[in-house]
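Dumping the structure here so I can ask a few things about it.
Naming follows writing order (A, B, C and D), and every chain is counted from residue 1.
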Amino acid sequence: MADQKPLSAKYIAEHRSPQDCWIVVDNQVWDVTDFLDEHPGGSTIILKYAGRDATKAYSEVHAPSVLKNNLSADKLKGMLDESTIDEDWIKPPPGQNPKVLLDNEKPPLGTLINSHDFEVVASKTANSKTWAFYSSAATDLITRDANKSCFDRIWFRPRVLRNVREVNGRTKILGGDYKLPLFVSPAAMAKLIHSDGECAIARACENKGIMQGISNNSSYTMDELRTAAPSAGFFFQLYVNRDREKSAALLRQCSANPNIKAIFVTVDAAWPGKREADERVKADEGLSVPMSPSKAQNDKKGGGLGRVMAGFIDPGLTWEDLKWVRQHTHKPVCLKGVMSADDAMLAMKAGLDGILLSNHGGRNLDTSPPSIITLLEIHRRCPEVFEKMEVYVDSGIRRGTDILKAVCLGATAVGMGRSMLFATNYGQEGVEHLIDIMQDELETAMRNIGITSLDQASPDFVHTGDIDHLVPASRSHPYARAIAKGRGAKL
Amino acid sequence: MADQKPLSAKYIAEHRSPQDCWIVVDNQVWDVTDFLDEHPGGSTIILKYAGRDATKAYSEVHAPSVLKNNLSADKLKGMLDESTIDEDWIKPPPGQNPKVLLDNEKPPLGTLINSHDFEVVASKTANSKTWAFYSSAATDLITRDANKSCFDRIWFRPRVLRNVREVNGRTKILGGDYKLPLFVSPAAMAKLIHSDGECAIARACENKGIMQGISNNSSYTMDELRTAAPSAGFFFQLYVNRDREKSAALLRQCSANPNIKAIFVTVDAAWPGKREADERVKADEGLSVPMSPSKAQNDKKGGGLGRVMAGFIDPGLTWEDLKWVRQHTHKPVCLKGVMSADDAMLAMKAGLDGILLSNHGGRNLDTSPPSIITLLEIHRRCPEVFEKMEVYVDSGIRRGTDILKAVCLGATAVGMGRSMLFATNYGQEGVEHLIDIMQDELETAMRNIGITSLDQASPDFVHTGDIDHLVPASRSHPYARAIAKGRGAKL
Amino acid sequence: MADQKPLSAKYIAEHRSPQDCWIVVDNQVWDVTDFLDEHPGGSTIILKYAGRDATKAYSEVHAPSVLKNNLSADKLKGMLDESTIDEDWIKPPPGQNPKVLLDNEKPPLGTLINSHDFEVVASKTANSKTWAFYSSAATDLITRDANKSCFDRIWFRPRVLRNVREVNGRTKILGGDYKLPLFVSPAAMAKLIHSDGECAIARACENKGIMQGISNNSSYTMDELRTAAPSAGFFFQLYVNRDREKSAALLRQCSANPNIKAIFVTVDAAWPGKREADERVKADEGLSVPMSPSKAQNDKKGGGLGRVMAGFIDPGLTWEDLKWVRQHTHKPVCLKGVMSADDAMLAMKAGLDGILLSNHGGRNLDTSPPSIITLLEIHRRCPEVFEKMEVYVDSGIRRGTDILKAVCLGATAVGMGRSMLFATNYGQEGVEHLIDIMQDELETAMRNIGITSLDQASPDFVHTGDIDHLVPASRSHPYARAIAKGRGAKL
Amino acid sequence: MADQKPLSAKYIAEHRSPQDCWIVVDNQVWDVTDFLDEHPGGSTIILKYAGRDATKAYSEVHAPSVLKNNLSADKLKGMLDESTIDEDWIKPPPGQNPKVLLDNEKPPLGTLINSHDFEVVASKTANSKTWAFYSSAATDLITRDANKSCFDRIWFRPRVLRNVREVNGRTKILGGDYKLPLFVSPAAMAKLIHSDGECAIARACENKGIMQGISNNSSYTMDELRTAAPSAGFFFQLYVNRDREKSAALLRQCSANPNIKAIFVTVDAAWPGKREADERVKADEGLSVPMSPSKAQNDKKGGGLGRVMAGFIDPGLTWEDLKWVRQHTHKPVCLKGVMSADDAMLAMKAGLDGILLSNHGGRNLDTSPPSIITLLEIHRRCPEVFEKMEVYVDSGIRRGTDILKAVCLGATAVGMGRSMLFATNYGQEGVEHLIDIMQDELETAMRNIGITSLDQASPDFVHTGDIDHLVPASRSHPYARAIAKGRGAKL
């Protein structure tokens, strides 16, 4: 026994977290921290008594000698000083013990320190359909995972001894000023994880000075979001409806809404992808969204929200239709979902204002190329694109270093979708916390490569040697002709 | 307790699946879904009482407090309203509870949504010998696994803004019209997994309009299959018998059978591979097949069905013998099992009608090249092959994206063997379901790369940079001569 | 219950293997095969009663309902027909139940079907020091593992339609005829795993017609081995003693022994490697070997047999000493342990008869190059070596395909060391069984790439594109000079 | 029962280690070695009775038959000879059983045989904050892990038959003589793991003849360390204070201290990295260090010692400031933390005496390049650096082979930081033991590549083909211009 002096109830009560957990049994004070994971009955039941008297609960299931036989002697920290017991200790009021979480409770927001934490918490606390819909991606998840791992395989080339006292990430996007080269990628149905849904995101973005993309399948309308965040800057992500007039109406709303800064026409979802985790969980058939005719439904393929909500989207959309879009709006028009240098060039020729390189978070076509690879393909094949239009990147951004790499390689700004949904789990405050984290990570990375503003970012600060072989150097394969000939087809 | 109102037996009974499992003990209703995996006695015993009263079974092994002590309070969903109990609830008739599966029961066909699902179900529900025979491959399984992973390492290069409203996968194979560029690769003894065996496959292929390869070791004869599916298109996979007359007789049967569209002479099984999982499980020595003298047998090497059934195959087969084949049939003759560009060229020179690039599913020679690598070798070394004959690919196809990649790279059609056997687990309906899945995946992939028919597929839609180093550029090694000289041999 | 008819004791007794295990409790016959792995008390105790009545043992620890509650109903196969019980069934004589193995019992030799099986069995049944000494390798085991994985990354380029009815692996080594291009690599102290030690190996090699390398640290002397296997062909692996006269004596013995066909001077063990698993297990200090002054010892570094047994070896050996070797023997002299093309060239210039590319099984210097990489380096830098001397390879050979790859790439023969020691676990019979397995695997591979004798093997049958970047193309680094200059040293 | 003769208490007592553990229950002697890992109550409780009578403890929790039912019969080694029991056996004095360790006890120093062992022991025995602070690194730990794995991917090219009887690692660093090309990298707060902290390290380095770097955040002052180790050679790692005068004072102290051989100005920590494991554990706010104004603190970002202790460091440091450093010291001045060939060239042009390639152990910017990659970049882009100044490397050194590779590639010496802190867990003796281990590993590696002194080390002894693609060949990207133009920025 390390300490022969009896221990006060108050002192014992300080040891009430999973990282430092004492319990009292028959007045003996035991440190059971290391035992939590081994307890056959799980740690939850023990943590309920962390820092307190567990004698009663313990006796119901265990023989007196079990603790002594299972713990080493040094885990016996001393005896309880019974004279120090008070009301509080015996019956802690609910909420007194905030660090003892059940598996499906959200930890305090302040304890989340990166975007992964938000994902982990969402995986445990969101309902299973929401988790399946948000986290799922197409078939074998290869693109989803490569989106991130390709960033991880890009190395920085940091410079030292540069004055980096003052640093900032200010960015101009389509003429507007934003605090960060980061926007919220449009994502459907944020209300599934929090009743404030996209409104929470809008308020957070307004406060933090970043742009938000509004999905055609947003839980709230453009007007509602503008009301929620009157000075925010949005772009609208359009899914062109088979019924063109419906889309025209939306475009007219956009034109009338001064907060909408641009239209992003979605082109990476010609057909809904097969998101198997989403299909396997039944959908609530009451679900719908206000700006599209989408309605959840379970059919013989499964319960895929992503699939059934996409039923109204026109797979017949072509470059010609962009002229029609221009007729219905005077705002900048960008493409969302370019996956090749060829289409980047076509977009440039079509006079568009920007392109968002995206594979829909890997949700639509598995083994479609990671966006950062497409960015490198543009470098290699048509760098002039960077001079003519803005290029954005999303899919796979999890760290400030990811943002900085994309910007170094020519992106004007990057988007985060899933992570922002996971942060919405905590409402507006959660999204603000995540934006703060990303800003802090970005500024730390900028300083540590030796730059203080983003106009200093350049490809010279990164090395892509580990992924260069994944980047196509041209479009036409040398043997394409023979195959075409064999088919008797004229390509 | 989330809901103080007593719960009706009917309502409780709705929570009877592994994904949502409530049980009643002493009138308390507990949600034990999360606990299923942790139950020391396994989940099966709990699932037997899913949605019902488990008091009796529970009391036999547990103290009353165990549930309370092991589950968090929020898992207590309420009390049972005893007035709502009826006969049905007390004694559910067999079959009432279809979602509660024992480990070795097949889940409903509709819940299987990809080819992997069929494999998982077969691994649990087929008998161990069948599983071993179907799933095994040569020695260290390197080729078997690379067959699939090489597909995964090919990236698409999707194009956007193309009208993909109407899409179809129609394919001409040796002059015949098929609905998909997919056929069933010939595989032995489908009867092991379902009494209808190849007949089930034949009916499914007929209904779905795809071609079926019939193995020389089929459980049913060509005539039986023709009877089963009178309008189906087959090809016959010939293993040339040491006793040539036996093979000649089969060839004559093929010639007389109008459903047989071609002969595929097997060349990738000069000698049976060492499939260790197959060897380790005893064979039922009663097994035999009608169109070959094969008979199962356990010998000192083990119980390898693949090996002993191959005993009649002539390892002395040469290019000369193909002339003999031509003498016994007027149907198109193809090779099944080409593994090098060199042999593709020889086949072209021999005037054959097609070649199926195959390594026998990795079953014969471990570290033989993945078929898709051989396809790329043909590109690089003799693209003229594509102009002169049809090229097919099997081994490793699991996804619609795999089919599309092979077709983009020049394949006329691809075959699936193992997956189709696993689908036969559910009879004809299972095979049809799998074909539907593959068609849906293929069409989704076509649309999302921006094509609507397969004559638009070309190498320009894929990037093979991650596997190009695995593709030989020529046959002769620069140092082969020195080694030969050292050996005093004339190569 | 699948079968209502009572089951006979004899029928029940057939189900007595881990793959098919029934037991009887209270006259009920249960199939507990699937339950074996889940039994909290382990499978061993159940297997003791496989096919028999376990009522008594069961009742001692379990309540009557446990079986019923833990197994699904279909596992109850029926009732025991008590009238069929006889003496044999009640009290099986020892040995009756050969397939029920304790963890540390050797399974029947016939159930081992590849070299990995021998390793697994040795890991469970050899004593811990023997296992540590045989299996250990230098520090982080990188070379040990790469030895094998580099073989796995070489792909075959199989040819088809070649007559492979008759195949054989006959090989000439230094003028002698052997049945296979495989020899037993010299390895120390085979007696640790079987009392017959190297004698068992010698007899097996004699019977199977392959060569055996005798280690200087062999448990038996050259004369003893010659007596054991009078017609065998050996080579002697010399560790040159700091006391040259001792080595001279051994060389004279070699000269006098007609079975010794060559001397292999060890050069890859200038200093004993740090084999940490070996160091961590105490050595039996009584251990010694007859042909060297080695004696086991535990010192402050640990119990490393590999290290302390090497104490007599002269780290001062140079190319000059090879002349001294030549003076003491008229037999062919080879080097064992060449790890670079440079030293291969020096060996060629020194007029040696052969070189064994080896890194001592990864036991001496971690991250020394895999032998197959050194073979490729010779190709690239000095292919003329193959014309002037024989080249052998060991380290990492586990499969017949590995042998064939090495021979295709120019090796005359390859050695297996560790695997042969693990086979010695079963004495002579074990080694013979392993040689049979290797021969069968080699011949299967030869047939399946389309060759019938080893003089047809050539680099054209393999593709090394996946490991070519690991092969040095020259010795001198472009920047070596600057570094040397900076050091003020003359290299 | 293997041995029917009763066993003496003394003999039984010899089997008291985790590798060989017998216990006595009811006078039966059982070998429970294999059972240790399976004991549901953990192995610790059993090991307390290793070699002794466990009857009492056993009976408290187990039925008599449990041992018999769970162990195979051969584990019963015999009966205890009660006549041999003596006082010692019944009540072993504390310390008698040194090999039976609780999980959080340090094993005897002699049983640690490599640097990994020290890390494992520290992970179990240091308090959680110390472990978090020492072991943590920036965000996703990619650089931390690549630091090591890049060394593992460099292959040796060993030469044989060279006289390596005498070998030594003597090295000149900035004109001083040291026994090894190894120094202790400066690391903060060694006192956290041992009260002697940096003093223990200093005495060990003095005894072993290697250099020690003293961190600005050392637990002891320069003067205290000089007192502890009067003949030691140190360098001082300076963090330049925002308040320049404080740093000037430290530089003056350095100048006056003859043991300080050089000043290493830290340049790889312009801004403190985000070490998440460190942030997640609360800091003891009483912590501070004598030579900087650093004080531990928990703030809203977490408890990151690394971050809050760095608050005083000036992120505005530039190349200009090095002149100011020179004004305050006449000692050699080096940079600590160069991560690019460009800055190596600038350092050379600035006339510095040396550069330490370092990424701060991966602690500051994740995906900053592994130091060994930077060394290779210098080779490729500016080998003249090696002629003009000394180049050191740290981050990722764990083995003697790592040291040798760095020296072959041009490093004068390498530093180990974390491992030395983990060794400090055992005080001076621990550090000495680790230095001995590193020396032994280095000399073994030198001998086995065929060199006897470090001036023979050259790039010719290594092959870097597996990591060459990670090495940048130039600074300017071909497409940097287009991106810059698009931004309208002047880079």
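Rule of thumb we're sticking to: a residue touches a chain if its C-beta (ideal position, glycine included) is under 8 Å from a C-beta of that chain, and two chains touch if they have at least 3 such contacts.
This is a predicted model, so every value here is computed, not measured.
Matching CA atoms, the turn from chain B to chain C amounts to 90°, rounded to the nearest 5.
Residue numbering at the chain A/chain B interface overlaps only partly, since under half of the positions present are found in both copies. We define each chain's centre as the mean of its Cα atoms; on that basis chain C and chain D are separated by 36 Å.
The set of chain A residues touching two or more other chains comprises 40. With chains as nodes and touching pairs as edges, the resulting graph is a single ring in which every chain has exactly two contacts.
Of all residues in chain B, only 19, 34, 38, 40, 63, 65-66, 69-70, 72, 74, 110-111, 113-114, 152, 154-165, 379-380, 383-384, 386-388, 399, 401, 409-410, 440-441, 443-445, 447-450, 455-456, 458-460, 463, 465-466, 468 touch chain A in the complex they form.
In the complex of the two chains, the chain D residues touching chain A come out as 40-42, 44-45, 57, 60-61, 102-104, 128, 139-140, 142, 267-268, 270-274, 276, 279-281, 300-302, 314-319, 321-322, 335, 337-340, 342-343, 346, 364-369, 373, 469-472, 475-487, 489, 491.
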